[in-house]
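See the structures that follow.
Same chain, two partners: subunit A is paired with subunit B first, then with subunit C.
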Partner chain A sequence: MITNKDLKMCNEQIFSYSAAYQVPFFGREDAIEEMQELNNNLKPAETLVISQPLGTGKTFLVNYMISSGKLDVPTGASFLTVRGITEEPESMEAFPGDTLVVDEADIKTPVKKLVKGLGMLAEYLEESSRKAILLGDYSLKNQNISGELKKTVSLLKFGDMDKVFLKGVLEERFKHFLDLKEFQIEEVMEEELLDYLAPGWMKSVNSFRGIFSLLQQVVANEKYVRYNGEKAFLTVEMVHDFLCNDDNLQLDTEQRKFFELFCEYMKEMYPKGSGITTGFKVEELYDLAKNGGINKNLQEFTEDILYPFATADLLVSTGVPEYEGKGSSFIRRPAPYVPSLRLLLSLM
Partner chain B sequence: MEDKIVSYALLFSGSKRSDVKLLYRLIYQLMDSISQEEIVDMDEFSLLVEEAAGKRPVSVNYAKELLETAGCFVFDGKTWEYNQSLNLGNGTVAWEQFQELFEGEKNVRKTEGEMDVQKSAIILGIEWCVHMVQLAKEGGMEGLPAFLRCGKQDSLIGKKVAGTATSDALSLLCNGIDYIKECEIEPEVLASSFAFLVEQVLNCQHREEGWDKGGFFPLEDQPEADHPTVDATCLAIMALCDFYANRSALEEKLHVQVETESNEIEDAVLTGLDFLFRMQQPMGSYGIYRYEQEYPDGIHLDRECETGTAEPNENCTRMVLSAMGVSKGSGIFDARERFELYGTCSEVIQKSYSYLKNHLAEDNEISVWAPYFGTQVRNYPYADMVVSAARVCRSMIPVWWQCEEEREQIKKYYADFLAFWKQEGRNRSGGIGKYTFKTPGKEKYSVGTYTWQSYADMIAAFTVLQGYNLFGMALDKEEWNLLEEVVCETMELQHAHGHWNAPRSSNPFCAVTLAAIELLKEYRIAKGLE
Partner chain C sequence: MSKSNFGYWKEVVGLEEYDFPHLIKLDEENVHLARIAQSRVSEIHKAIATNRLVDIQVQPGWGATTLFRYMADNVKNNKLNLSVLFDFEKDNFQDGDLSQKNFIFQVKWKLANGILDIMLTHSLQECYMFEVFKFEDTGEKPWRAYLREKRRELNECMGNSKRFYGSFPFFADMEITECVDYFLKNFQIQTIFMYLFPREAEEDDVLDFTGILKNIFDGKQIAPAAIREVFFLTPNMFKMMKQCYERPYMNIQYQQYSAAEIYGMLVNTYRLSDNTNATISDVFEQDFISCVYDKSLTLDEIMKQVETEIISILECEKYEVPYKLTIEKYNKKTEVENK
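== the complex of A and B ==
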């Protein structure tokens, strides 16, 4: 039996979403196979691109492939970053082996450095005839950002975050950190909670970071999981209660109004999120806001409510970050939007 | 203090707590960026807002208004700049004065009876360590885990034990006896902590007959290691020797009595040394481990062997040097009348030192040690070089005592290291050095690697101070300033709970806590306070 104490002691490890702990690798067989093939066939100056949302396990996958000898990249070398390339261009030359690995080509990098860094990478690859593996988010799908990289191949079979995958990952982690030979996730987690954490309509944008940071916070909270010898069991109600009592939200008046409108709308039209397909456009959400009495123009609504909601992980952007070129704004989290796990679980 | 409070009141004039908190974070982020000479345009600013706002949905416009109302920073249409006309009621506030407003606890520490600040920090660190040991003991663990959690009350992460964390904790306590006297710890608690750590370190040893006999496992520090490793064995031997050598002092000064029999510790150290003797590579170096198959005739490396081969690395080689020296000085050889071991250890020291002497990297007439005995300094990040070279230098103590004829050379190594460390233009401040290694799996070395991270300056400063304390290494004003700066930075890194964290992490870490305390102790010796 896994107790609350066991769970609390291993909380950060089991629900780790960074490189801080050595977590067991699970799944992604198709991605591994495709990556090996693409990498083996990479031509000089070509780049293998992995463009997936933040926190979905790109860096973890590449690290695993290198450490298990599935990618011909010397072990132990720290990955380059796009920002780092702009600050220390000589780091590209110093990177060992034939193939550079460049990470963080994403919205966490200032757009000027993103564009400049990718340009510098492209130039260096042409000059040196070396190759690269480039990890980033959907920013890489914007030609105004990544256009300098002319010779690219993309990983297509990265794999989505579905319930089966999430279960497998969790089971491996529980077995590893708690030294268990046999384990089923249903022993510590309500089936319905798993349904909420990995809904089908969210599988292409759902992230380990989103799921595990939430579970870590719930488990760390004494109100929900006490440090005792009782059987550990996480439920939807627990997570719902945690989110409803989360002091960090702190919405202003108009934001609170829209939040309530949106929640009502979701409950009515998409209970538990079922039926959501492509996500909501700005205009749809604006109509909802206007009809609900929110008195802002479209730009104000977008800047004061929508974008902050996306940044605060109430909405998840499924669009490609927008950038028209030098001098224009970088819209990191554009529409369409789907509700985040955080919002969905607070709705029930 | 009064002036400061008034300044804060004028700056943070919001009515909502959440806005004041947000403003504080924005100011801090912006100040940090500008002081590092970064250009903060609106795109960069939006990232700062994200960071400062956390889970609160804050629009960039709102954050901009908040900052502009505070008046300390202005946006000129392109970038954010400090408002040189800022007036907080007492004339304009210069940029340096503004930064000082946010230095907070740093200033409090600095003025808190200057010299004794380091002593207080050491005591706090030791108290924290004992507290963690007690938690592990009460939690039924067989040692300390690799990771610890800092919260309202610090706690352990995970249920698996890390061999080196346990050894580090024992070393930390053994070397802090004079400070432990001033800790507010009951003798029974101390005794149980020492007993627990000694027992658990001993439990990490491989006892079965065979090639691995005597070696110590790293356990969770290297989860894939199926064999004892050189580094874990060295740390365990040094910790056990530290305990053995200080046992009487523990009893006399602290009334700490540990039941573990001396001969049990002696056995462990002696068999541990046997393991290290077997692990030495023919030319005198050490890798993380040595499979029997690597050198089938004991002399020639079979590069094609199925286990893979361990590259000689400077970290393991220097650790063995230190372990040999500490073992010789522990009194164990005399107690067991194993006098021949003095000679054996001396031979290992001689051979390892010989290897080190012949495998340096050159950089503008400076000779230092590079990771894995590389020959080109420019192939490595500066911080990695500093950590490698500093660690090897500090392990020269046994050579200093054994080979008097090498003393001038050793002084030169220290001088070269100092010259390398303090080179202008190097990105010195806050550097984190990495040591990367493979681990011995059941059948062969791992393909993947492990990385230990360290604060390069902390390790470097210790080495330089050690040179000063050992042989009066000459230090000019600039070099003393550098050392003072690093000691100050080290103090600032200490958490209020007493621990130091792993680099780039909010997790307490025994190895870093030990390194920090070692540095502070060495500093106090240099200042004549110990």
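== the complex of A and C ==
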């Protein structure tokens, strides 16, 4: 039996979402196979691009492949970052081996540095005839950002986060950190909770980081998991209660109004999120706001409500970050939007 | 007339040299005058003691800068801590020029500065102290004299990374995380990083800085007790930072000060020049603040309204200006006006 004490002691390890702990690797067999093939066939100056949402395990995958000898990159080499390239271009020359690994080509990097860094990378690869593996989010699908990289191949079989995959990942972690030979996740987690954490309609944008950081916070909270010898069991209700009492969500009056409208709308039209397919466009959400009595024009609504909602992790952007070129603004989290896990779980 | 009566009143009570009722901006020299309830301070201390990462979310215009300076002062007084402070509010993330290389240098310089201070006042494990500043006991110079010389060198290196790394190879060879781990393992010293974010900043600047932190700390093996990171920032800044670098933060929603607390600040910081025994409470009532108190305003905006109130009740003949300003008089005046 796994107790609350066991769970709390290993909370940071089991639900780790950074490279702080050596967590066991699970799954992604198709991605590994495809990556090996693409990497082995990379031509000089060519870049293998992994463009996936934040927190989905790109860095983890590449780290695993390097440490297990599946990629011809020296172990222990710290990945370059796009930002780092702009500050220290010589770091590219200093990177060992034939293939550079460049991370953080995503919305966390200011767009000027993103464009500049990718341009510098492209130029260097041409000059040196070296190759690169580039990790980033959907920013890499915007030609105004990544256009300088002319020779690219993309990883297509990265794999979505579905319930089966999440279960497998959790089971491996529990077995590893609690030294268990046999383990089924249902021993410590309600089946319904898994349904909520990995809904089918969210599989292409769902992130391990989002799921694990939430579970870590719930387990760390004495209200839900006390440090004792009782059987550990996480339920939907626990997570729901945690989110409803999370006073981090500081919304102004109009934002609060829209939040309530949207929650009602979700409960009526998409209970538990079922039925959501491509996500909500700005116009749809704006109509909802207008009909609910929010008096803002479209631009105000987008800037004052939608973007803050995306930043506050109430809505998840599924679009490609927008950037028209020098001097234009960088829309990091454009529509379409789907409700985040946090919002969905607080609705039930 | 009422404005000049206000000036007269300030002369009468001994406040003529101050910009009363506006809150006095406290700097590092006089931050000890800050009036912050011990329960608030204890909450922050407890969070820092029990969590690696703490964020203190303060509404814009509600005293984050003073709180940051106050807590920095507080932490410095605990000699088993080494504090590394960054006030980004005053220069907006160093005017956008903050690079990773530059930031790392600044941190290492502050680490060197802080640990040197501690070594000058405390006895620590000798050979490890010597290792930090590469001291060799040849009999020529005693350790403390050597340290003082290093102190001079360190001050001369401020802003010059090449010289700093040349003179202090310990910090050139070790990463930041390795340095703080070393200090904990060998001196039982915990390093506390405290950051004050600007009230408003471009998302690019916040993401840039957060990205730097991520590159320095993410995935590095550090003993949990070696380091603390404490962020003083607005809720919006926190959301931006968290989006970029999700970590298990201990969140403190710093409640806005009450009217009584604001009054306490005035009482604690203003001195009536003619009378060392008297305080503001002898000449001014809290109700002036209570009347206009509004959480949607900033502290400065509230005190501006208090000033307006005061001036409005002093619309009278000079001989009628009272020594003690009371809200009763204000209300009576308002009643008369409304009639």
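Here, the second predicted complex is superposed on the first by the 348 of 348 C-alpha atoms of A that agree within 3 Å, B and C clash if a C-alpha of one lies under 4 Å from a C-alpha of the other, contacts with A are read in each partner's own complex, and residues count from 1 in each chain.
Note that a contact is a pair of C-beta atoms (placed from the backbone, for glycine too) under 8 Å apart; a residue touches a chain by one contact, two chains touch by 3 or more.
Just so it is clear, the model here is predicted, and its values are computed rather than measured.
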Label the relationship between subunit B and subunit C on subunit A in the superposed model as either fit or clash. clash
In the superposed arrangement, which partner chain does A:S204 touch: subunit B (first), subunit C (second), both, or neither? neither
Once the structures are superposed on A, label A:T81 by its partner contacts, choosing first (subunit B), second (subunit C), both or neither. second
One more residue to check, A:P110. First (subunit B), second (subunit C), both or neither? both
Is A:Q36 in contact with subunit B, with subunit C, with both, or with neither (first, second, both, neither)? neither
Which of the two partners, first being subunit B and second being subunit C, lies in contact with A:M9: first, second, both, or neither? first
Can you tell me whether subunit B or subunit C touches more residues on subunit A? B
Looking at A:T152 after the superposition, I want to know if it touches subunit B, subunit C, both of them or none. Which is it: first, second, both, neither? neither
For A:I66, is the partner it touches subunit B (first), subunit C (second), both, or none of the two (neither)? first
For A:D313, decide between first (touching subunit B), second (touching subunit C), both and neither. both
Would you sort A:A94 into first (subunit B), second (subunit C), both or neither based on which partner it touches? first
So the two structures are superposed on chain A. Out of 129-137, 399-407 or 417-425, which stretch of subunit B collides with subunit C? 417-425
For subunit A, give the residues common to its interface with subunit B and its interface with subunit C. 12, 20, 108, 110-112, 220, 248, 250, 308, 311-313, 330, 332
Which residues of subunit A touch subunit C in the complex? 12, 17-20, 55, 81, 83-84, 87-88, 104, 107-113, 209-210, 213, 216-217, 220, 247-248, 250, 308, 311-313, 330, 332
Residue numbers of subunit B touching subunit A in their complex, please. 18, 41-44, 46-47, 50, 53-62, 139, 147, 149, 151, 155-160, 223, 378-379, 434, 436, 438, 446-449, 451, 505, 507
Contact set on subunit A toward subunit B in their complex: 6, 9-13, 20-22, 66-69, 75-76, 78, 94, 108, 110-112, 177-179, 220, 246, 248-251, 255, 303-305, 307-309, 311-314, 329-330, 332
Touching residues on subunit C, where the partner in the complex is subunit A: 57, 99-101, 203-205, 207-208, 210-211, 214-215, 218-221, 235-236, 238-240, 242-248, 251, 253
